[in-house]
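Encoded as structure tokens, the structure appears first; notes follow it.
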């Protein structure tokens, strides 16, 4: 018996996902790829919210993989009230849903969800507006670090040097060598909203805890969940959870919570690993390690991880 | 409500989309054999009884133990627990203390007076077992459970064989052994002590089958030159005397040499200390790393003050002067040779612990029973000798001579004899694939140090009470990885992106192949390696 | 009650009487006064149970309305010009999701060059977006059309855009009759949504639809618009009997019986046109009539045909045109009149807020020189530009 597993025979420290009567907010028959991290992340998040609210949730979904694979006529994989409008407006639609409930005095908690493209890029304006108004919405971003639905193009959440269809490595070009991306949790914090957190499907206990906490908070909430994508990252489908765990362990995906703009808690890493062991399992970084790779180019990514380790107090930097 | 066409859909309707058709490989639940179970000479389903112990269900745990071994409390003391050597947790943070858990639960069983349930049927067949050692008693237990009438002839005063006459009391208190033997007697096994069988032919025809479990109780002979005024004793005789004549304490003197490197040598050395010797030296011909004795025994002996002199053999014993020949040993070639140097040591007595051999006179006149050149009885894979209906096991056959092995032989022999009595041939079950460390995903186990105990007590024949409390049993049992067998951690169920696993109300899990896309996350995230991916049938 | 009000203030009061529960506002001239007015009514307690959201863009404004309508409450927003274009993708989305949002479009031209004044370019850019589009002739009609709009939208599950000419109406003070709350409540009962989002209604709204079914979805939307023709007429009649005002409906004729020439137009310019026609009818031999088109979408072809088929000539005065082609409304009228041997003349007028005077119209109606012309176009400016070496001579007039 171990408390690190999803469930156990003793019912101690178990997850919603281990319950035989879990809601399955996202049910079988959806068309996500094999090993999809986002499908799992969405079910985990919404089930947790569902349990906490006794089913009183309504969900707004941005366009993207999650929307496309879950709801195509005549089949709907959702077991919760759900609406999809457009790619960039999920936060605003959610504001509208929340306003509707408020005007009707209904106690239904509103969740907006989308991928990183729909959140950190095209959805940014509506997201920021929702934050700034402190609308009573929990926005969940399933972060798989690129536009996967359209065929793996770069987003502002794409990790440095990652190969995408629009950042092909070639000679002097190192994949996504444009910039280091947009730290949306920090942007959310800068709005001073009551709750911001990062989470990962590599730690579902933590993920559920954060969703359960956030769903009760009045005002705008933001949770960004790392959700590996086998297709876009280029790894065998069974490694989804493993990669999510490695991203946490090397410091690239810090798990933390912030309240009213201030980090209040972060998950320390027991044994920090090198980013190399995370990167090497993914084809999107193969050019950093192949025969023709520039020596130690991946150390730029190590530095990103080290910055997180220092900034979020995840432990001592081990790999320089 | 009149919902808009196509854009507004009822919940959960994607269940119509059977995504299982995407799959080329599929997961299946398997039972793999935990290494502890593989290496247990008695074949105990350790993982299973640890699982019960985790829940505090000690009685059920004990019932699970006695499916393979009628001597939990005894084995929890004298077994050299290869289970712990191969325990996958060794590669993580230390083996589960299986041995001590078994002992603790065995002790609970004795203190609560738990009994074996009587046989469910009676076959009317009569089986004779010669020798009430661990192997004979084990065979008796299983045969009785199968419904046969069992009689044991035992030459010694008391039953127990080497468990009694080869293991000192401080390691195995006799009330423990007696209690566990009594359960077998209570089952209806008829043990006749002081009943030496001189010739198998005299008795075999009176029974439907015979199990020869006379052990190896003859001390091996040496060609060392020993003068008449020397004081030497065989370890096996020393133990027998201590057991049968407890009032006659042998005087070994202040300085004692023990010759040999096995567990018996260690026991002899530690016994000598307890009998008052001030200096006990073990003389062993190879290096300490090559000693056949169990490492924990060696360590305990050293802790008690026993010295071990390696790379030496005894050349001659003249009174108190013992001449040692120094040896050289090449581990790679296994070449052992004298260096030519010698060393003289002074000792009051020398205990020989260089092995035991089978007293084969019992079968000398039985045509068909063969004695190998190693002096043991030859058997086939069903443990049957050359004579139909006569089986042999324990120390009389070729194999490892430990109490645990003896119990395992007894079990196997019982199954073979049962099959024979039913006119069949015993077929052992096919073994499952082994759940080695590579098949586990140990990220899901929390580091939790093994709860060690120090067995060393005072230098007397009393056993130190180190058994776990109930709480400690539960705690230590919970360290079990449950290698190769689902322990209901629900990882597969929780992680499946397609909800393609059904969790029933009783907690059991089932793959729903209608939706499983074959991603393999379940198998990867299974901590204990009880999910296997196999190629799917393409219909 | 008759009040002297700015058009936007009148609209704010009218919309508040319809009891929307979510109103979202993003400023763009010339619709700002409307949402400002509603905001004030919310804050002073006149409009109760209404969430008034100050959003960060038009995209958010329409999206909030989409969300609140999906969750089953009456929702309203307003925009103009660039704002409409900024929310364009959501405009289509709202109608595709069959959400009965009511939106005021304070008509304004579209840049570049940036220009805040009135024409119908904005409305014409969304004419195929699946919304019903109603054009108000004056502020009284604007008020009345909004009250009707909620009823129409909710009964056919389709969003309605009420087009109100920027400045000309939104900023004009006129005497307007604002109905009483109880009258509006009787006319427009409490919203009974056809979809909502709660445990009992766990629908997915906004599914993806493949080529196998998409055309059917669009066909049904088209059919719903055609069905709306009856609904709009009926609501007009109901409104007439309740409030005793002839507002709304599909089209409205003015002196068209026996008219030789009928002027067709939408929105506030109709007032000036009617003045011009009155003058012409009083002085000349040729008889002029006027046809107001109130419902631009759905387009009431049969009614228009019936109204115009006796005319010898039809002049369409339109405040938007398709660059590279010509008039938009006039083309649609021409198609309606195809085969009837009626001349259709297109006068592009008031683009970017260009003044339209009665005199200009009268001259034009009396003697339309071309089939397609720009009212008040400054030829000298054009000629001067053609002298510039930068302009290609190929296109010289």
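Each chain carries a letter (A, B and C) given by its place in the written order, and its residues are counted from 1.
Everything that follows uses one rule, which is that a contact is a pair of C-beta atoms (placed from the backbone, for glycine too) under 8 Å apart; a residue touches a chain by one contact, two chains touch by 3 or more.
The structure displayed is predicted, hence computed values, not measured ones.
Counting C-beta pairs in contact, the pair that comes out ahead of the other among B-C and A-C is A-C. Every chain gets a centre from its CA atoms, and the centre nearest the mean of all protein CA atoms is that of A.
Separation between the centroids of chain A and chain B, computed from CA atoms only, is 51 Å. If you average the Cα atoms of chain B and of chain C, the two centres end up 92 Å apart.
Taking the mean of the C-alpha atoms as each chain's centre, chain A and chain C sit 43 Å apart. Among the residues of chain A, those in touch with two or more other chains are 70-71, 73, 76, 78-80. In chain B, the residues that touch at least two other chains are 6-7, 9-11. Under the contact definition stated at the top, the residues of chain C that touch 2 or more other chains are 97, 201-207, 209, 213. Across the interface of their complex, chain A is touched by residues 6-7, 9-19, 22, 54-55, 443-446, 478, 487-491, 493-500, 503-505, 507, 512, 514-515, 517-521, 523-525, 527, 533 of chain B. Chain C meets chain A in the complex at residues 21-22, 24, 49-51, 53-57, 59-61, 63-73, 75, 89-90, 93, 97, 196-199, 201-210, 213. Those residues of chain A that touch chain C in the complex are listed here as 55-56, 58, 60-61, 67-68, 70-73, 76, 78-86, 88-89, 92-104, 106, 108, 125-126, 128-129, 132-133, 135. Against chain C, the residues of chain B that register as touching in their complex are 1-11. The part of chain A that touches chain B in the complex is made up of residues 1-10, 14-15, 17-18, 20, 24, 26-32, 34-37, 39-40, 43-44, 70-71, 73-80, 204, 230, 236-242, 245.
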